[in-house]
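Structures follow.
In the two complexes below, subunit A is the common chain; its partner is subunit B in one and subunit C in the other.
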Partner chain A sequence: MTRHLPAIIFLLPLSLAICLPLIGIKHREWCRPMAFAVIAGMVLVSIANLVGVLQTGTIHYAFGGWAAPIGIEWVADGLASVMIVALSLLALICVIFISSVLFPNLGSRIVPFYTLVLLLVGSLVGMIFAGDLFNLFVFLEVSALCAYALVGLAGGKALVAGFRYLILGTFGASLYLLGVGYLYAETGTLNMADLAERIPLLVTSKAIAVGVLFMFIGLGIKMALVPLHGWLPDAYTYAPDRVTPLLASLVTKVALYGWIRIMFWVLGAQAVIYQIPILFLVGVLGAMAALIGAFLALSQKEIKRMFAYGGLSHIGLILVGMSLGNQTGFAGGVFYLLNDAVMQAGLFFWAGAIIHLYGVRTIEDLVRLRGGPGWMSAALVVMAMSMIGIPPTGGFFGKWYIILGAVEAQNYLAIAAVLIATLLTLAYFLKLFERVFRDRSAQQPPLMREVPLAVRISLGATSVAIIVLGLMSDHIVNFLLKTAVPPGL
Partner chain B sequence: MKRIHDSLIVQTMSRLLIPLAQLFALYVLFFGQYGPGGGFVAGVIWTTSMILTFLVFGLKSPQGRLVEKVLHGDGVGLIIFVGVGGLCLIGGGEFLNYANLEIPGLDAPARRYMGILLGQIGVAVDVAVTGISIVLSLAYHDIEQEYHV
Partner chain C sequence: MFELIQGWLQRPNYIAFVLLFLWGIYIMVTRYNLVKKLIGMYLMQTSVIFFLVTTSAKRGATVPILLSTTEAIQPEVYTNPLPHVLTLTAIVVGVATLGVSLALADAIYKKYGSLDEEDILKRLE
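The block that comes next holds the complex of A and B.
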């Protein structure tokens, strides 16, 4: 039974997504509880899958019974299983947040809305498990199509942002597919394990080098690596507040995971393109992204936009950790990735909640928060501590392990990048805190509104998760070092 | 584009051609087991017959109503496909491993035959419905108002 679990995790959201349009004709109100139940089931199955993988080793799932190089294969190894557990837990919290009474009623569009959310979650599962490059592309496209539609759902400016996301995202996917085509032309296979055997024999091939660069640029657009991030700030600012956490915490992170999979499991950590080690290239771009993202966040006035730029800087930090070329750096990067997914979800929960509770969109408006429920501010403090990197939160330990890895690799540029990005993050959160806690200029009576239960649950869960990740960081990183480190590192 | 075609010649010819196209779609679907063809092509041919229906007779006619009703079956094709895969899972094999298709009273070759056929029917239904909904949304549905989410 254990060997079927990867497929079952994927089939749960997919089956409900395709049944919902039929169920929705008669019983529109069933969408919400059914989506919740299915994703809760996904959490249980993914935990069972992780346990199974730890006991019996990597699961290779051959669809249709056709063995790997010919058929389609899914690979559930340690890293993928950990990612799936994180993904399903975050999806569960996001679905709770989505169902909050805070947001306007969707009416008849609740059916397509939940269909899109479930399809998005299902396709992200597919991306994580995909054992060959082409399937990665297929699920990348499915998830992106759902994301475009969810961004554009609000109409108005969101439609423009969604359309821009669509154009750039499709461009990225085409580049990725072109790169896959180059690799296929040169090696004759798409399976990742098969490619990993054949590529080292072809290191001098220009087609491979160009193909890899195309794939990197394509996935770079999807993960919003800084020079290629143009679509992200607008898309996240204007997207409906209920879906922004889902997009921010999952979509870009899974694209980043796709690149990690290709970089370490297909090309190998020692791969060189045109005399440039690929890890060096990724490290420099990551450091740039970390700094530029944080700088841009500093100059923002809208809260959601500021958090979106903060997310860009964290994508860079994760890449810096990955690019150090040692196990500590890699485990630190993965740990920071998990943290960042939780932090982004939490920050956008917070931003969405204050927009609908107090009408706060910009930093100027934040004064209205004073006198409101104290634990809204407390959640912000926890999240900010983690974003900046203050113990005992997960963000601190993530950065700590990345710096440890950098010391081990004697890469002082990386240390400098992490530290400067930390200072910049501190600076832009101080701007927020100044308005929330210190500014006494405007003494207007706060709008007292009861915070809905769903928002309390989702904000509380993410805040607790951030602290638990911090307190358990030693165990988690050791666990990642044991189970999730790529071969040859 | 919204005008119904009133030429008697066109209407009569369509009455002849539409069933023929649909029959050919079925032929392609079943022949796809052994030769070129299959679910995708069959679905496309079926779609063309439906498009011809509402171009010639209009959406308000009984035939056109049928087309609009079909749209509710958005997920039916996928349900059939995933259902076949799920039956294989229940039978103890991998997803879509037709050798394990859990339909009682079938031997191994017949299971593979049924598995491929049912899967192709699912694909055909899905392609047909998607094709029709693309044409309808491009040509007939008005631009809807702005939403607040």
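The block that comes next holds the complex of A and C.
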């Protein structure tokens, strides 16, 4: 039974996404509870899957019974199972937030809306489990298509932002597919484990080098690595407030996970392209992304846009951790990735809630929060502490392990990049805090509105999760070191 | 140098792929009309599909359906079926992307009354 759990996790959201348009014709109000129930079921199955993987080792699921190099394989190893648990928990919280009464009624569009959300979650599961490069491409495109449609749902400026996202995203996907084609032409296989055996024999091949670069640029566009991030700020700023947390916390992170999978499990940590170690390349780009993202966040006036740039900087930090080439750095990077997913979800919950409760869109408007419910500010403080990296939050320990890894690798530039990014993050959150807590110039009466239950649950859950991740960091990192470290590191 | 060019000219299908790919990118970057951008995008996607198919081509080979079930299988008689399968999936993905993109372009046209990117950006201000 345990053997089939990876497929079940994927089939749960997919089958409901297929059935929902039929059910929705008659019973529109069923969409919300059914989506919630299915994703709650996903959480349970994914935890069972994690336990099963820990007990019996990596699960290789062969679809249709065709064995690995020829058939389609899904691999549920330690890292993938941990990611799936995080993904389904975050999806659950996001679905609670989506159903809040805060947002305008979607009317009949609620049925396609929930279909897209479920399809997005399902395709992300597929990306995490995918055991061959082409499967990764297919799920990458399915998730991206859902994301384009969800961004465009808000209408107005979001349509243009969604269109730009689509053009750039498709360009990235085409480059990725081209890279896969190069690798296939050179090695004759698409299976990741099979490729990992054949690529070391072909290190001097130009086709492998170019193919890997194409794949990296393609996934770089999808994960919004800084020089390739053009679509992200607009898309996240204008996307409907209810789906931004889902997109921000999951879509870019899973694309990043795809690259980690290829970098460590297919190419190997020691891979070198034309005398340039690939980890070095990724580390330099990550450090650049961490600094430039934080700088750009500092100069933003809109809150959602500022958080979007903050997310770009964190993608860079995760890549810095990955690029250190030792186990501590890798575990720190994965731990920071989990944290960042929670933080991005929490920040965009907060930003969406204050837009709809108090009409606060820019940093100037934040004065209106004064006199509002104290725990809205408290949630912001927790999230900000984690973004900056102040103990006892998860963000602190993530950066801590990344720096430990950098010390181990004697990579002082990486330490400098992490510290400067931290200072810049502190600077842009101080800008927010100054408005919320210190500014006494404007004397607007605060707008008092009851905070809906769904918003309270989702904000509370992410804040608690950040603290718990921080307090449990020791156990989680040790666990990752034991179960999720790639071979050869 | 001469040998290099000679080597290229012996593989006209790869040259065609490169031209189509770059042409698609060129259209995507230089045209302001959203539908023309989509045409460029589709051209680029199609060129990648063309590349996949062309890697499977073989002189004198036939479609990968077994000629005889009794004799031993001779791999050199058939073209490689796998790139064709990838191509099918990639075509489906491309068509779905085109559908979503046309829906977005249609919604933009209804909202802003124009498909010209400069007009739309002016109206966004």
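Throughout what follows, the second predicted complex is superposed on the first by the 489 of 489 C-alpha atoms of A that agree within 3 Å, B and C clash if a C-alpha of one lies under 4 Å from a C-alpha of the other, contacts with A are read in each partner's own complex, and residues count from 1 in each chain.
Note that a residue touches a chain if its C-beta (ideal position, glycine included) is under 8 Å from a C-beta of that chain, and two chains touch if they have at least 3 such contacts.
What you are looking at is a predicted structure, and each value in this text was computed from that prediction instead of being measured.
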- After superposition on the shared chain, which partner residues are touched by A:Ile167: those of subunit B (first), subunit C (second), both, or neither? second
- Using the touch definition from the top, say if A:Phe433 reaches subunit B (first), subunit C (second), both or neither. neither
- Message: If we overlay the two complexes on their shared chain A, which of subunit B and subunit C does A:Phe280 touch? Say first, second, both or neither.
- Response: neither
- Message: Tell me the contact category for A:Phe295 with respect to subunit B and subunit C: first, second, both or neither.
- Response: neither
- Task: Tell me which partner A:Trp375 touches in the superposition: subunit B (first), subunit C (second), both or neither.
- Result: neither
- Message: A:Ala185 in the overlay: touching subunit B, subunit C, both, or neither? Say first, second, both or neither.
- Response: second
- Touching A:Tyr148 in the superposition: subunit B (first), subunit C (second), both, neither? second
- Task: In the overlay, answer first, second, both or neither for which of subunit B and subunit C A:Gly156 touches.
- Result: both
- Message: Residues of subunit A that sit at the subunit B interface in one complex and at the subunit C interface in the other, please.
- Response: 155-156
- Note which residues of subunit B are touching subunit A in the complex, please. 72-76, 78-79, 82, 85-86, 89, 93-100, 146-149
- As the complex stands, subunit C meets subunit A at residues 21, 25, 28, 34, 37, 41, 44-45, 48, 51-52, 55, 82-83, 86, 89-90, 93, 96-97, 100-101, 103-105, 107-108, 111, 120-121, 124
- Query: How about subunit A: which of its residues touch subunit C in the complex?
  - Reply: 134, 137-138, 141, 145, 148-149, 152, 155-157, 159-160, 162-163, 166-167, 170-171, 173-174, 177-178, 181, 184-185, 190
- Message: If we count contacts the way the header does, which residues on subunit A are in touch with subunit B in the complex?
- Response: 4, 7-8, 11, 14-15, 17-22, 25, 61-65, 103-104, 106, 109, 153-156, 240, 242
